[in-house]
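What follows is a set of structures to go through.
Next come two complexes built around chain A: one with chain B, the other with chain C.
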Partner chain A sequence: MYQFNFHKADNLSTAVELFNAFDEPMYIAGGHTLIPTMKQRLSAPSDVIDLAKIPDLDAITLAGDTLQIGAMATHAKVAASSLVQGHCSALATLAEGIGDRQVRHRGTIGGSLANNDPAADYPAAVLGLGAQIVTDRRTITADTFFKAMFETTLEPDEIIQTIHFPQVDQAVYLKFPNPASRYAMVGVMLTRTAGEARIAITGAAASVFRAAAFEEALTADFSLPAIDAVTLPAETLNADMHASAEYRAHLCKVLIKRGVNALSS
Partner chain B sequence: MSGSLIGKSVLRKEDHRFVSGKGRYTDDIQLVGLTYAAFVRSPYARADIKSFDVSDALAAPGVIAVLTGEEVAKDGLGGLPCGWMIHSKDGSEMRQPHHPVLAADRVNYLGEPVALVIADTQLEAKNAAELVMVDFEPLTAVVNPATASQAETLYEAVPNNLCYEWELGDEAATEAGLAAAAHVTTLKLTNNRLIPNAIEPRAALAEYNSGTDEIILHTTSQNPHLVRLIMTAFVQIAPEHKLRVIAPDVGGGFGSKIFIYSEETALAWAAKKLGLTIKWTADRSESFLTDAHGRDHVSEAQLALSADGEFLALKVKTVANMGAYLSTFASAVPTYLYGTLLAGQYRTPAIYVEVDSVFTNTAPVDAYRGAGRPEATYLVERIVEKAAAEMGLDPAELRRRNFIGRDQFPYQTPVALEYDTGDYEASLHKALKMADYNTFSARQAEAEARGKLRGIGLSCYIEACGLAPSQVAGALGAGVGLWESGEVRVNPTGSVTVLTGSHSHGQGHETTFAQLVADRLGLPIEDVEVVHGDTGKLDFGLGTYGSRSLAVGGSALSVAADKVVEKGRKIAAHLLRTDVDNIDFDAPVFKMIDSNESKTFQEIAFAAYVNHDYPSEELEPGLAEKAFYDPLNFTYPAGTHICEVEIDPDTGVVEIIQFVAVDDFGTIINPMIVEGQVHGGLAQGIGQALLEQAVYDDTGQLITGSYMDYCMPRADNFPDFKVGMTCTPCTHNPVGAKGCGEAGAIGSPPAVMNAITQALGGIEIDMPATSEKVWRAVQTMPALKTA
Partner chain C sequence: MELKQQLVIPRAVEAVWQALNDPEMLQHSLPGCQHFEQTGDNAYDMTVSAKIGPVKATFNGAIALQNLNPPFSYEISGEGKGGVAGFAKGGAKVSLKAVTESGEPATQLSYSVEAAVGGKIAQVGGRLIQGAARKMAQDFFTQFVRRLCDDETIELVIETIETP
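On to the complex of A and B.
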């Protein structure tokens, strides 16, 4: 790890001011990606601005039909929240399956989304559940938030405040973990709202994406036969020592089918 | 009272300090004036070094010195040697490229150290290491062992990159067996390369006292005396008596801390050269890159069988990857620890093995838990199971037909070893029963009804442990004898300090050895303290590896304890004014045979040191005895492992439903510790079969350089292990112990892979059985429909 300056912001505007005052600033929102990369000297911020002390940034509330999760809510807090479990148990299950116990008590939903690791779980939740990302300056829909690998439409100094999850009728998250890292080799969030199927897939490509052909087929007919002939083209998928693109494409379909079964029973 | 502690699961004496944070590992040691080192490493698998420029690094804050490979060469340091000479078929000596402490003109693997920066803080050292400018000119790397002998030559003195072309066994008899066979089973396989991953990374702290001219090196070693011997006699950083090596608490080794590495050597050299106290602790990335890796074989084998399944001959051809240089014991691993084990538990009359060891631009490969014996077992047990399937025989029955019978010991195999004792049928019988082998087909049918594939696989392993009878080892090329030293030092108040040349880095010697000596002397275990890991305190010792500690180190202590008793009898005779033949030791009491007079052990201990009326010509004061125990033979732990797996054909995920291990380790001192060793070994063996692999790309970059890609087994990868024991005590050591540290890692991989192969209807895949490999195999199975 290189040396760096550490700052604790106590409100959002101070955090932004601090960010804009330095050459190579980074927000830290749990740090379970940032700190390991800093330790390996792959990341070298001059100044790290901690968002942990900003009041109420980790609150979980229900506003009408919308579940609002503060960006600094840890995975453990999301997993254990009765509001989350009641609103969307698939989201609680997803949070419970991230990393290990230590990671879940430090890592946050906002940190995960801003980082947009191609194998992270939360991007699938946000995209699959059609959530909205509320920042210190605007609201971004899930469909426009994730841009590319480790890239979002956030401005460099923009801070996620809360994530708004609308009510869906049904949701299930299925994850095939990479055996080494336990990140998603493939993770599928499958939801249904008023008959409309929505599927977000993480781990399989450079960034989370929606499986449009499967969504269309399942919206028309939510059954296994409906997707029998549907396939996911392997060309755009990741390939590494753990899984070829072809195998990832196959796993996506297996998990979608298991999701359909889960939501049909 | 003697015998009361043997076989008891005494809680580990050392655990209180480990679980309460009182362990003292190398990195915990703080000394006045401490400085820190960081190494500059090659970013290439193979490159010429055109020049060094250390000026920026030297000018950086806190930097005290920068030493490069050029200084190592200027100081005339010797290379790091390999301690085991292997001769090729044609009688020529193995080829050993110079292994410099720091490379000066050519680097040969990714991460090879070329310079060392010393600074006031670790941060400053690491920062300055990035400022050392090394002008590398990259060269094409040779990475694949299978084709290395046809690739570009890496060292002028090593034609075809061949270290040696070794053979063992009777080629003509083996060919005759193959010619006469009713059936020949052939098998090709790789034994996947592994990275050891001890929980504590390698570390060193070197201090130099100019007043005494002594270097003290604290380091993570399994054998501190060997460190001292090699650094002084071969690398020549100091005279042997001016280097003290201390291996304090050490967090695991699995073999990787046997070897003498560049970093620790460079630190000791630099400490003396600069008059400094210097610490270095590897970070995990450095461990991945530079700890000696394990396994990495490519093999082909043929097993000849008669019509009724009798093994007639086994022929094996193996290519073994040595990596870039010969590590300390590397040459012995694919030869004398591998070829000699190819008889397994069987009466195969003719065996012939050829091993070509090759150099590649990868980290050196050396002994890793099991070392050669897992590779042999994997090959033998895979081919035996395949033969059974091909001949339509039950794999347990085929093994039974070929077992060396319990009444056939001692048994001379056609590959040099003489097994002293064993009962292979007993282990097999017990394991089959524990695994409910006979009802497997019902479970298989039930799984099939759920759309899953079940398989069950056996492995009847043998290993040669208790390294080693020195004469045999010497005849096989070992540079040193492989006895062990031990001392039982009785203190005046009757407590005992036990000194051993073995080294505990997780095995629990402080308990097992204390149990052994306390039992012999009839003392409470609390009264026995075990000292190890310090060349300044101990007689020369050979250390811990090859499951040798109890069988050899423990035997030395057993002999030393017997000598203490003999001396105690003389003291008792003197005190009781009788003849020594009239004294019997009924632990812990020395009794007169012809009267009711006696002396306790404590009375004898006190008298040994405080009395002043000894007949000085017959009896010296004191009560401390040493032994250097040289075993008469290897020991031969053996057993049966059975694995049952279930495969999800949709994803290729393999689940281990049950794992049974029945082992014959001879006499067991502490069953709890032995079971722990079995569990650890199984985790590493099953890990090899399912999860672990070191992967280099074609340019020699390590893809599995962190836990993001190198798959370390976790507890949830395993079921509860079912562990059982059988016992045929070792016939030639006084403890009766055979060794238990490696068996789990040796026996388990073929059991897992045989189970998977059976579930896949005979389709063979190589380790690790990743879900994608299994899924692809499922796609080629005829009758199955998958998602």
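On to the complex of A and C.
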């Protein structure tokens, strides 16, 4: 690791001020992507600004029908929260399945979203549940938040504050993890609200995306035969040593079918 | 890593060929290109800084254009070293075909890329390389076509050709 300066911010505006005062600054949340990258010397920020000491940034609250999760809430905290389990158990299950125990106790929902790793789980939750991302300066809907691999609509100095999850009627998250890294080879978040199906897929392409053809078919008729003829084109999907693009396309459909089964029973 | 894609550029083949051989055009289209210098006939040195998520690496490298068949095809080959991050090596075959689009002469550009990366960047980023390559191709050609057509609003559609 190269030498860097470490700063602790005690509120959001100080953090932004610090960020704009340095040449190559980086915010750090749980640090489970940043620290390994810095250790490998693949990233060398001049100044690291820690968000951990900003009060209440990890709070989980319920405001009417909306579940509000603070950006610094760890995966373990989300998984164990009775508010999350009551509002949307699929979200708690998703958090419980991220990485290993160490990752779950350090990694945060805000860090995961801002990083937008193509195989991370939370992007599928946020997009599939139609959440809103509240930052220190605006509110961004899930459909416009994720831009491309590791790219979001966040400004370089912008900080996620909370994520607002609306109430959905039904939701299920199905993940086919890479056995070594526990990252999603494919992860599918399938939700239903007033009959409307919404499907977000992570791990399969360069960035999380919605499976529009499947959504349409399942909104018209929520059953397995309705999606028999629907397929996902493999051309834009990821291929690596673990799985070809065709395999991933097939896996997406298998997981969607399992999701339909789970929500129908 | 292999990538085969094609796109249609609303300019005649000769104009596209000329732009593909214009160092300044290439330099400005290449994302993260800090330095681009001609070192000989169809040979260039360059410095490119690539940022993929948390990883940031600066590559110094050389590229050469070979098998020139103006104005229809050429091959690019090159390699670069990214210091502690690792190295990258690869080549691309580029070919142009005259087509018409809405009655105007246009060019169908197809390319196939073969690339290999090694070192730390391959160890940590192996699963990301194809996505990164697609994104760089998209960024490069979007800039290239926007500059060529002098129109900043063009949204480029690149089609991935299935490998047989």
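As a working rule, the second predicted complex is superposed on the first by the 265 of 265 C-alpha atoms of A that agree within 3 Å, B and C clash if a C-alpha of one lies under 4 Å from a C-alpha of the other, contacts with A are read in each partner's own complex, and residues count from 1 in each chain.
Here is the rule we go by: contacts are C-beta pairs under 8 Å (C-beta built on N, C-alpha and C of every residue); 3 or more make two chains touch, one makes a residue touch a chain.
Keep in mind that this is a model prediction, so the values were computed, not measured.
When both complexes are overlaid on chain A, the residue A:Val254 reaches chain B alone and has no touch with chain C.
Of the two partner chains placed by the overlay, chain B and chain C both lie in contact with A:Gln40. Within the superposed three-chain arrangement, the count of touched residues of chain A is higher for C, of the candidates chain B and chain C. Once the two complexes are overlaid on the shared chain, A:Phe150 sits against chain C while remaining clear of chain B. When both complexes are overlaid on chain A, the residue A:Ala180 reaches chain B alone and has no touch with chain C.
In the superposed model, A:Met241 makes contact with both chain B and chain C.
In the superposition on chain A, contact of A:Ala206 is made with chain C only, not with chain B.
Looking at the shared chain after the overlay, A:Ala63 reaches neither chain B nor chain C.
Chain A uses residues 40-41, 183, 240-242 to touch chain B in one structure and chain C in the other. Residues of chain B touching chain A in their complex: 123, 126-127, 285, 650-651, 691, 695, 703-704, 706-712, 770-772, 775-776, 787.
Those residues of chain A lying in contact with chain B across their complex are 1-3, 40-41, 176, 179-181, 183, 240-244, 247, 250-251, 253-254, 257. On the side of chain C, the complex with chain A involves touching residues 52-57, 84-85, 120-121, 124, 126-132, 134-135, 160, 162.
Residue ranges of chain A in contact with chain C, taken from their complex: 33-34, 36-37, 40-44, 115-119, 148-150, 183, 205-206, 234-236, 238-242.
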